[in-house]
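By letter and in written order, the chains are A, B, C, D and E; residue numbering begins at 1 in each of them.
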């Protein structure tokens, strides 16, 4: 299902995915998201930034309704995808509607081979053998390393290989919107570039929208159209990616550049006290 | 009455690593113990003592034993009753063959025998994991009961293989009435629970939990898998063994090996799971739940005046359904529910 | 809890001169490791000197993590020899490695998920505990004193890593980045001579990476702990490491100072992607 | 405290679990007879009341049930758990609680010695007497006890205290009469017995004694058929001689015989239960076809003996008011349910005459043999059979003396 | 030693083993597809058999009518289990799911007896459990013709299910589910639906086992115990392998019978209760994941 590549014509009004004032509690007592709202317009890449524990992964899991399995509850708010509420749907239904997630921490099927892992990604598609083969080839083309390891059990592959496998698996579903949770984690630098290349590629060629939680802020803002910054379960800043990238605070805390340009890691003499946007 | 820890500062790590760091908890525990030691024997009916409290305490001890193995050290076992049987029959034999042996010492010896058996049957755990291990622990269950029925020596050549527990006399004092038996059991259980808690909060306990959570990593950090696992089996079996001896001496009186059957193993396992895997408190809550639930259901079913067979079957169904219900509501058991309750109370009146 | 200055407890007597790179402490010779048909490591040799920060880099699946696993005895290499503090060994065994002062963190966090942060860090001290389980059960006298003494050490590490607020939280609930930090804490608790770190900064943003670098550098400075580090963030590697080994497909393709490596053509081809400026 | 008006009996019963079929029949019979007695005004005007509690055949739950039931309604005056494990669990508590317990056809055989076990009544017959009677029957069948010499008898038993209980008797008799006793244990629950029956086939015995319980019995019969062993050779214990044991085995059970202490057949008392209770919708069994089944009749028989004990006790301690546990104990110890009394009840021949004393809490020891014809049980021995009672008595004395020594009891008849 | 007798014991054992395998298959099915160790399988066997004969007895319909009706009941049961028990427990630790199935076992046992009463029933299948004349005459070996049929049915089931797992996309998805519920959900595997189907199939397997075991031993509560016989088969064959269930069954069946006959008398007999477990344990010491089970991945 390839949509027209012309994004310009798309009405800016209704966002493709919107999260409205969501509140999430884990284990009945741990309040993690305190009213998060964000939008992803169709055909755009949106970055979700924030420190460890800010609630990025939780936000993504809320959208993909995977929270239930982790004893998290959405106590307020709603999520809409293509104009419909989705917070009561099953993850399977979401994938069918074109929303895929790459979970944090790889989550490959350890006992399945890499290739089987990829094939399960296409479960919701009623694709012919040839189509599957083509999709597989595409993934192998993106990640040649996976082709080499195609027949080893995923549980025995290296961390980076597993990460590639997880991303490839999500691509196999041919989604129209992908939630990426730290795709660059544990990935060698040139592959990181490659991954973002793929993101851009899919985005511009196939009009796939992305919501990506990423710690590598500089690269994320380079590729994203729009960004949100999450602190302590709240959105504290939002704006166009370029705007964010030039914001002084963001520069200092997320990009590691202060007035005098990038500082060497070795020269950080003092532990930095994180500046909080909220008290 | 507020449940707050605000204002209670710890000035030393020792104070902070107390079993109950919050003052209110300590007061509550003290009150509970006082009630258990003084009030209960005075006011509880013999029925409550001998049919509810004694088995509750004994099962708590067994559940605690299993919890050490399964909850803390992560080795799922379905052979608890076998270790209890070893404890009971060993204590019986020691007492029968060594006249004048103090009863408490016989219980300890029974526990030690169970620990030895536990070590022997724990050896496979070094290679086998998870449900494979669980299923193989059934070997213990069946083998031990088989030995007890087959080797006449173990039952002191009683023709039908039934043993009759000797009277409990400690320092010339007879423990023959329900309240005395209750106090004895309470004493044993309280001391052993304290020891267990101590182990769990020090290095042994951490070694068990480390092996449970990730044995490869535990090894890399320097824990010895073999020693840790076998120690868990030994300590756990010791607890179960003592519980088994109490079960025979303070509860049933006359027992056949069959009394320690698979059913009993499962009941203990339920207690652990319902109460809370990896929680000392959970062992007690679970035991209370499993001991009391059938009683309540039974009384309740009677009050509905259903035909008895319908009532009995309904009881079974409700029991099963409740287990599932609890697992769904809180897979970490009653202990966790309790904890969540406390956390909510701490935040009260704010919702979060 | 009072806010401490970053380096009060944890060895305040920092002496800049102590950071002298010493003799070779760990020497790996011709290590080869394969899993069935997969050759994870082929004939790799390199050494690690006392007090240095040694980085291992390379593309995904190059064999970096396997190398660490060989060093601390999780994997047994088919060929090769390890010389640690002058002792020759065919291979290490986990326990011996831990005992002789090698501690590590893992790429896929290997914390004990059901335990609190404090307990996790305390497990790191297990090799230093002497009392037996009976004494611990009684929790009395020496056992208790020992426990408290170790607790003090653990708290120092907690303060050092600035994770006071979460010390009683079960680690399973922590966000990824903090878990990495706790894992470092657990390794530090063992007061190791060599610290093996497998991607300690994965899943962190720049600020957090800066913190982490500071911790690593401090450990290295103040205790002279030797550090072997795997990391994909070239900024970090180039900034803080003394020497870098580059692996590719299980083979060593480069070894030298960061500056050497940055401009080594093989390394650029296989890994870095862009030429040095 | 309100005056006690009822004669209250505690019934720790089981109606779920593996032995539910037996439990529901037995307790159903008891309750049916109680209802019948109450309908006709009770025992000298004293109504019988009872309470049930589900034990699941589990000792610890049984003890809880006992403790719970015993204090209800002014105190239980009788208890019957129909489970060896539960019975053992409460054995020690009886003298202190002063509640008599019957163990009808199970439990320790030596408990018949009232001097050591004043509150325990293995009424009608015990395992030892049964085993002796079995051998007697087999001897008669072969044309005399001397004909047993050189014969082979396979003893297939439930590998538990229950199955091992008769071994002293069987061993002694095999020595005495010179037959070969081949002991083959079956591990409970005995859902698979292929190897045991192959062993039996291999040994080719003249008789097979099946000492089984629960599901083991049907499996045994089925497996015997599968291995081509004539069912006529098999003689079951009375816990292997009910419809619950033969029906599931289907046609395979035809020709199989077993011991019993009830003569199968029709009795006025059963007719009454049918008419007055079931036709009025007050019967206890859910399935009417089970009326008069072996377990049901066994329950009725138990209840008959209890009611007789109540009557006996009332005669001594005062008619028209309920007796307490101690008095009930006296009643049970002075039972005399002879043929005349049975006729009066409408149960003539349904059970053997029972006459108890302090020395003999069993009161009879007589049994019959019944055979399954594919549809129902038929008695095959017209008369009650009694085995070598001298032998069982001797064993009883020895064993109860040992128990008394262990428990430091001075044997004596209760007043 | 009598050779003929030896073979009879051996063959009898092998065939008993097949009967165990029949129950073990149900376990494997569920375990392989969801990582759940389904302790309720025994109860399901009992439930299925009792429902079937219950329908026959209560409504007086012939067996061939009762069986399809029972199939419907088992399917409904499977769906209900997924809905009520499994769905809320997705992504929970294995032990939690295991415990839930124990609760389920109680529930099903109670339900079965509540619906159909606690009395025992007989179940006559068209094929009788008597020694096969043909084999008796030809080879002088005693084999029940019933057992031969049971073996055939079992073989068929295993083949079909093994093909399901190895050849279809659903099979692959099921294995994925067993590895990681969360990730399986994330890639869009309709866990709920698949589980419902699977438990329904497990219900059918239980029905087959229940009918065969019921015809053999009578339909009674003890059918729930056959699960205990299936466990050693399972650990020996491996939790995740269909063929493993058969091979394990054969090994366990044969060796337990031989042990009972040839070793039993030396030690007082009755060793069948524990011998299979000890044997399986021995195998496990060599191969900790059973003969054919998937290797457990332990890696850091």
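The working rule: a residue touches a chain if its C-beta (ideal position, glycine included) is under 8 Å from a C-beta of that chain, and two chains touch if they have at least 3 such contacts.
The chain list, named the UniProt way, goes like this: A, C = ATP-binding cassette domain-containing protein; B, E = Branched-chain amino acid ABC transporter permease.
Computed from a predicted model, the values in this text were never measured in an experiment.
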Partner chains that chain B and chain E have in common: A, C, D
Chain labels contacting chain A and also chain D: B, E
Centroid comparison with chain E (C-alpha atoms), farthest chain: C
Central subunit by CA centre of mass proxy: B
Separation of mean Cα positions, chain E and chain C [Å, integer]: 49
Chain B and chain C: spacing of chain centres that average the CA atoms, whole Å: 41
Computed distance of Cα centres, chain C from chain A, in Å: 29
Distance between chain centroids, defined by C-alpha means - chain C, chain D (Å): 73
Contacts with 2+ other chains: residues of chain D: 15-16, 20, 24, 159, 187-188, 286
Where chain A touches two or more other chains at once, by residue number: 27, 156
Contacts with two or more other chains, residues of chain B listed in rising order: 142, 146, 149, 214, 216-217, 220, 309, 313, 315-316
Which chain pairs touch, all of them: A-B, A-C, A-E, B-C, B-D, B-E, C-E, D-E
Residues of chain E that touch chain A when the two form their complex: 90-92, 169, 172-173, 175-176, 178-193, 294, 297, 299
Residues of chain B that touch chain D when the two form their complex: 45-47, 50-52, 55, 142, 146, 149, 159-162, 164, 166-167, 247, 251-259, 263-264, 291, 294-295, 298, 302, 307-309, 311-313, 315-316
Partner chain E, residues of chain A touching it in the complex: 64, 66, 68-70, 90-92, 94-96, 100-103, 107-112, 116-117, 119-121, 123-124, 153, 155-156, 166, 169-170, 173
Of chain C, residues touching chain A in the complex: 6, 35, 38, 58-62, 65-66, 107-108, 162, 173-178, 199, 202-211, 213-214, 217, 232-236, 239-240, 271-273
Residues of chain D that touch chain B when the two form their complex: 13-16, 20, 24, 27, 51-54, 58-61, 63-68, 70-71, 84-85, 88-89, 91-93, 108, 159-162, 164-165, 167-168, 187-188, 284, 286, 399, 403, 406-408
